[in-house]
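Two complexes are shown next, each including chain A; its partner changes from chain B in the first to chain C in the second.
Showing the complex of A and B:
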């Protein structure tokens, strides 16, 4: 894929989610510029993309449930809760840092 | 002769005068010593005379709880003596010993006299006296909060001690609350400690929380986290919530400021951030996932710090920090990270104008937290009785007569597959077993993998073992799906109760971890 077709972004997993992604915490990812239907790539598309193309673990339900990130995972767009940025409708920008944090419960 | 008599008389009277003088000196020295002991009674246990077996035993040979009981009694007596001496009202807002004890934080502008007085007035509740609660309580008691309540119904176990720093080897088996009180009382006898030796439930939460100013969530399950947050919202208390697992920790100050439900100026609650609980199968405990002591220690100490910050701020505090989540990851660089959280959620079930969480709902039991958070569905992959073998019968198979076939066998007659993760397998394993980690089995892509190929090469029966006997059943099912049982011709089964049962009924020497 040429650079014109993709957006370079950084993805990070924390709180144990990295286990589902080959134990790699950080990914520098070229995300396709447009989603399946030609719309600008948003976080919902990013999540599908991660699920289909990056995640090797077959236990998809530990990452995605009912078409979105499962409860108990916090999505942070450039160090802010995605709720502050429009949740999964946020359109991914070049150089974005998107983090998926699984909540911990131990104490 | 008369001269001798007169000389002896003189000598005796001189000696008597000397003796009298010595008695005076002794009395004076004893008086000074009593005074010193009164002003610093806590110094007494440290005055160890290495030659005195009593001192040594008192310091090293007496259980902590017994020891602090003795000193408590001695302190009472000292107080009774003191009481007769000084009745006048104090000239200073703090006790004399408090200036000394808290001196190092009193001279800081962040605390100062007013901050210390606020701490002294504060009543804090610590829910959960484990890896988070122990260090949090220690620092809060050290800092001189007025009252500290402790909620927990658990007892101290040996496997707690690497991180739950208030408990001790001698107090294994004691309730965590009582054990913590022994340690906290010896740390700072000025703090009033209130025990709540019970599990927090919806019908007790409001009555337990109502007399406290601030709450620390040091628990370890989603059910308690939602219950604690809801109660704090209803009673308008700020909540300092933390959690930790393996090498990661998280911390949030919630409901800060603790405005009434519906007031959007209030800080978000746990439900704003996590409206839906995580699926139960995604929740991992420290017992299953592991925890590094200093990781949970750091998080507990940060809770104490945040609590001190909230308590010492001036009432007219202009700005409360915007809500944030601190992420700690021991093996990342940087280790700490702070991310911005949302404000109160407009449709939050607890803190919005549309809240369904009410005191009545909580106390009537109509909010079922266990059901809300769900529980791991009972194993659907459970095996049939003839697919399982007891640890004892398996021991016979290894050395003796096979209870199924009647043939004399040995440990080579079959393959024993241990499905614990590699790091656990390396801790201890049954002689001759092969390790196929559960994660390898569940992460498998397609139908063929090294371990499958290896197992296909043989026709020997396969026994599968794990720590407790759950994962082993899943793996047996998987092996059969993969056709390793040659259409039923080859026996595949698991050891019921796993290595725990093996230790209990076969090999008592097998390590428990």
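Showing the complex of A and C:
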């Protein structure tokens, strides 16, 4: 894929979620510019992309439930709660920092 | 969506949407509001008195780390004049607790607090790794929960501290409320909603283990905000799951709470408040404190039901969730009776008939799921260790006896037989204890 077809973004997992992502907290990813149906890539597409292409752990349900991020996992888009940004409909921009933080794990 | 300005300062970009009231706040205002609300909880409930020495039950996880950070901040800002120390319990689980204890050690340095780590091996002669080797992965959470409960009190006592604070948050309390509601256990619901629990001392001995006050300053704080506070303040915390209960955090009560929050974020605090209101309706709900506290209830009694493990000490959520799930499964098919017998017997204090019935059915009635007879219990001291107990011998000593009896046989019998032996001996001991009481 050429650079024109992808958006460079940074993904971070914390609060225990990194366990599901090969214990790697930070990923610099090229995200396809358009989703499966040719629409601009949004967070919903990003989550699907992470599930299908990045996550090696088979327990997908610990990250995604009923087609969206599992309740109890916070999503921060450039530090802001995703609920302030349109949740999974937020269209991913070049250089975005998107963080998934689990509140479900203990110490 | 265009960025919204902060509802308070009207200047900075809002980064946080508060679950309790949907207000949009910037980072600085959020941190300030969060701390002020904890301060309000502390002052309206008169949790502390000046000069008090307070131990923070610290696991290295998000809740206790935030608790330590906020208490340090408030202690300085509002001049509480508290002597804050960290108390950690090492269950002896390699690859789990040893990692999180490293976080606690860093926290101790970061916050300038004295840290004491107390191990199960030191207290009981058994690490959880050894317990699991003996009893298997199933049911080991019961041991861990019972041991941890006493461990914090014993640690506090050793340090000359009369007050232990734990990181229980609003989500934890809401979850407990729902679970006790689902179990029909209003007496326990009443006890667990209390922000202060106090173990009335059975003796006048000031060195006694049992006279320890417990409180939950984060009781009204959302888990979401605790995590966001930790994130925005860049606090150093550790997240992992206990290797012996990796599925615990998928528990149904927790999932229910989180789903409710997604639909209506205020639901969590509403459940907490409903729990408090229901508690007021429970007959005799004030009698649990044994007269030693005005608004508190017996800590030992409260926790007696929480035999589960926790993903963090002082947190019983993981185990409780697991036990609800376990209970649901058990209702469908009551099989595999050996473990449950052990737990059942502990569940009913002095209620021999019910105990026999459960044992006969081979039903898995897990500790804390069968409602206790009432909130009225006669609290005495364990004849072996002196810890507060409603039985002649406290649960930890009963469990230890079972473990110790089986220990020498460990070397001559094969694994699964050892397991049976240990559980049977626990059950026998529990039977005996119960009969003596009757």
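The working rule: the second predicted complex is superposed on the first by the 103 of 107 C-alpha atoms of A that agree within 3 Å, B and C clash if a C-alpha of one lies under 4 Å from a C-alpha of the other, contacts with A are read in each partner's own complex, and residues count from 1 in each chain.
One rule holds in what follows: contacts are C-beta pairs under 8 Å (C-beta built on N, C-alpha and C of every residue); 3 or more make two chains touch, one makes a residue touch a chain.
Note that the coordinates shown come from a computational prediction; the quantities given were computed from them, not determined experimentally.
S.K.: Do chain B and chain C fit side by side on chain A in the superposed arrangement, or is it a clash?
M.R.: Here chain B and chain C cannot both sit on chain A without a clash.
S.K.: May I ask you to decide whether A:71 touches chain B, chain C, both, or neither, giving the answer as first, second, both or neither?
M.R.: both
S.K.: Kindly classify A:25 by the partners it touches after superposition: chain B alone (first), chain C alone (second), both, or neither?
M.R.: After superposition on chain A, A:25 lies in contact with chain B alone.
S.K.: Let me test your reading of the model: by the given contact rule, A:36 touches which partner, first (chain B), second (chain C), both or neither?
M.R.: neither
S.K.: First (chain B), second (chain C), both or neither: which does A:56 touch?
M.R.: After superposition on chain A, A:56 lies in contact with chain B alone.
S.K.: Between chain B (first) and chain C (second), which does A:14 come into contact with in this model arrangement: first, second, both, or neither?
M.R.: Both partners, chain B and chain C.
S.K.: Looking at A:80, would you say it contacts chain B, chain C, both, or neither? Reply first, second, both or neither.
M.R.: A:80: touches chain B and chain C.
S.K.: Using the superposition described at the top, list the residues of chain A that contact chain B and also contact chain C.
M.R.: On chain A, the overlap between the chain B and chain C contacts is residues 14-16, 19, 62, 70-72, 74, 76, 79-81, 83-84, 101-107.
S.K.: Would you tell me which residues of chain B are touching chain A in their complex?
M.R.: Checking each residue of chain B against chain A gives 128, 130-133, 217-222, 225, 242-246, 248-250, 273-279, 281-286, 289, 291, 296, 325, 327, 329, 332, 337-342, 345, 439, 442-445.
S.K.: Can you list the residues on chain A that touch chain C in the complex?
M.R.: Those residues of chain A that touch chain C are 14-16, 19, 62, 70-72, 74, 76, 79-81, 83-86, 90, 101-107.
S.K.: Show me the residue ranges of chain C that touch chain A in the complex, using the header's touch definition.
M.R.: On the chain C side, the touching residues are 1, 3-4, 13-17, 24, 27, 59-65, 100, 103, 171, 223-224, 226-228, 231-232, 237-242, 249-250, 254-255, 258-259, 261-262, 310-313, 315, 317-318.
S.K.: What does chain A use to touch chain B in their complex?
M.R.: 14-16, 19, 25, 56-59, 61-62, 65, 70-74, 76, 79-81, 83-84, 99, 101-107
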